[in-house]
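Several structures are given next for inspection.
Two complexes, one shared chain (chain A), two partners (chain B, chain C).
Now for the complex of A and B:
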């Protein structure tokens, strides 16, 4: 599957790269793509439920990562890694809930662009807060398994990368179960498909929306933890959210699996573009793909937009 | 309270609502022309900065405020205007020709970009323009032979009929040049809004379906709006290049695009005044923050504590405040204030309240 993807996505032949290198590139790209995909998942969750596009999702990710760093790293509080991660996820969930309750609920009925600008501004504030509290130097999370290698038939993989991929897929499975089995998940689906009908059926739409924001914050926190254990993070890393946007757009803004697949596509394209294209061209590849998707399939590869019947 | 008595249909599309209003604007014009004699050189430079922001703001206001197409990528068109202007001057084109040509080229690029992305609506359009902004930044680096890549270019001195204009040497002259461009763009904008095309823009913003029903060619009108908007923004970009002196790809980064959009929101979407109010806020906010910081550190004896990035933080807070409590921006607040005094004591709190608010879904179309 990976080989097929390489052939589909890398438009240029990859010179002088052995089979193993290719596989290694794909795996590290896959790990990056998983982080993009998780951020994109947050966008799509919130967009589906509230029709608000959260431009601050990347900054949520950054903030969640910094909270975890602050809790877990030995030069800060230095508490147990897993406890720190759970606390950070909870804090980000609360932040998402409160943001929706206090700020975004007032935007009901305003034009969409107002919400866009509001979330951009929230991103500014989060970036400023992170910079003021934890300074602007890049920091990385002290991941307990860091540095260990897994050797798989000549293939050397960093534990971090494998962990990122595994956690992402586990989280997606969990989310799938949550949305398809649990009462709350069903209520969220109902509220996102038709607010009024859901309301008539006794779904507390407002609270559900806040909970979706909380879920978005939690997913962002997990993405942040994964990102920070894989590499260094600084307050402006939140701008990575734009790449996650590209992922969400490629997958179609209304589709959860699409977001993840879009993220993985972008993650895989990046390293191969860096190999096959001269410097400078490679970083535009994700945005170029996104523009092409926007132009030729405006609602993404997995679109869920219906035609309005007048 | 004033009652405007209209004697002809032309009064509806007159430049000014009534004679005193025209007099106020004349007074304002006199004030801005006399500004270099009233304040010192530093302030003249700042005023020039505000005017450049205002030109770019007018460009974006035409697109976002009046045509309803949000763009998060206008820094790209500023870059196009800036680089084309400077490259043309370097190749011997006189400034008086290069500046308008830069605007025209930026406008054409805008139309070319607009054609594929025009099918997109709302949020998708915002994302596509965002991508354009990011791509432009990278493209400037790639096109190194023309643009100087990461190193950037240095703006040559402006020469108009042998008169040399320099931002630092002759700030007053540069101010007048910017003012002239501002007035030309302003006059064009104001007249456009009175013309059928401007009405078509507004109709498009309010409802695409009803605009189409009234015979507005949606695709062509949107492309025109994009072109005109990018043209004005390109002019501002060219002036910004000369104002900054040296520029590279980072001058026109995504943050500039976002700032432009935020500026017109703070100023007030859908009014030319808004572009100017927003430009004033953007132009003077850094100075204001520095002043407040000095004041606070003077009182609490903090020494010269600087928090990096505090500007964008405060900017974000102001923005959240405006969107939550005054979505119509500074201009909307001003209109309310004016109405309060005009109608005193009959002003009521809910006079400007929208009657219904409902979620406009973008999912169905």
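Now for the complex of A and C:
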């Protein structure tokens, strides 16, 4: 590798990547992947609990980011960053809850495709609403630690990227504790594993489903804050929800750790594909992986398919 | 043995979409009784139980639990009032452990110390579950899942339990084991039991009183003993063959309730 680099002198991008660059690329890929993973997590959360796919999940992320930008950036309201993030997370949670309670519950008994179209339309509404309120130009969140660098033996890392990775893992740990320890988390698990049985045990399934939507909205808001901290965001950024959808499929739609890992896989593959492949092909990479997974492991990498005993 | 009525159902009607599944059912369950509802496939037994436990809403009629109307209420409110439904086909939470399934049974309860005591009681009735606390419930065998479903139901500290086909798909030996436990629960814990069954023989053995359902109606109601000895029940539910004068089985038999 070293030998080659001297020979090729970095003219070709592939050979120009040294070990440090490789590591740096991996870390920025990992940071991107975390955001994808969090959006995918939202997909899976809602799908498992309500059997509806929220195609507006990416737009939830974008909207959460814009609420935070609006609250925190100095040229808007300029309130304290952490307060702004908490408020944005709460607002997105409420949006998710009300959406389920007011709109989606009425769709009960309608065919799946109706819910799909509804959430796609909802994504459009959020996108244009955000554009109307905050304009269509890319903006980035004024992250308090922005621009600072962490140097680790020659490796220079942006604080933002490290923060994204740490926050994602902390959030996942928190979600794990919530689902395995808390009463509400157990009820959500129960309702998603066997809705009928949850009913019979006295779990208020409808309210639980609304709360899962709330959780989906809150996770999306966190993903949005992370995304906007490390780069600019504009209202159409929500479309990367499709990429996150691919991540969820790769992880095996229905597995929470799978969703995160699917997101990280896509995040890691993207920058390397951009280096190694001709321009344009890197955008195909996530979907190519999804296709391969669907062909060779149709239930995804971490499927939780259970056959019911009769 | 029998006390005041705990569950009174009057003229209940219930629909699956346009199909009328329950056509005016009335029945009464007294405290401490085991009451069985017999009937073939599609007679409306499961629908009846689902309507009682609040998962389905009745179109007409009243359901009184301890004198209080519960028709049209949400299932969680009904569970909190002390009536639990153990559904047909062992609807457990497959990805949770046995212990977590058991814990979910006590979802509506807040009295932690009593819940812990009941956990030990459940493991006492079903020692097999105690041995497999940590095992994922989906990996249990069919009979074990049925025991788990009953044990989980017990965790709601029910005064009345609705059991839907606990014998479904189980070997005769397991059926006997489960019915022995049902009887013990009734005698030792004083749980009133409504037992829906296709397996009329075992059901009538444990029950005090029985109803026979056909196409959404109750066609017969009597003590289990009388039902067991009724010619129609014997012919249609217990498979007893009656020899005719010519020594052949009569295939064109009529049920007297029609």
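What we mean here is this: the second predicted complex is superposed on the first by the 292 of 310 C-alpha atoms of A that agree within 3 Å, B and C clash if a C-alpha of one lies under 4 Å from a C-alpha of the other, contacts with A are read in each partner's own complex, and residues count from 1 in each chain.
Quick note on the criterion: contacts are C-beta pairs under 8 Å (C-beta built on N, C-alpha and C of every residue); 3 or more make two chains touch, one makes a residue touch a chain.
Predicted model, so just to flag it, every value in this text is computed and none were measured.
Of the two partner chains, chain B is the only one touched by A:132; chain C is not.
Among chain B and chain C, the chain that touches a larger number of residues in chain A is B. In the superposed model, A:181 makes contact with neither chain B nor chain C. Shared-chain residue A:107: touches chain B; no touch with chain C. Of the two partner chains placed by superposition, only chain C is touched by A:200; chain B is not. Of the two partner chains, chain B is the only one that A:116 touches; chain C does not reach it.
Chain A residues in contact with chain B (one complex) as well as with chain C (other complex) are 306, 308, 310.
Contact residues of chain A toward chain B in the complex are 51, 53, 103, 106-114, 116-118, 120-125, 127-129, 131-132, 136, 195, 235, 239, 242, 245-246, 249, 253-254, 280-281, 283-284, 287-288, 290-291, 294-295, 298-299, 305-308, 310. By the touch criterion stated above, chain A contacts chain C in their complex at residues 183, 186-187, 189-190, 193-194, 196-204, 304, 306, 308-310. Interface residues of chain C facing chain A in the complex, by the touch rule stated above, are 53, 55, 74-76, 78-80, 84-87, 89-96, 100, 103-105, 107-108, 138, 141-142, 145, 152-153, 156, 169. Within the complex formed with chain A, the chain B residues making contact are 64, 70, 116-117, 119-120, 122-124, 126-128, 130-132, 134-135, 138-139, 141-142, 209, 254, 258, 261-262, 265, 307-310, 312-313, 315-317, 319-320, 323-324, 327, 354, 356-365.
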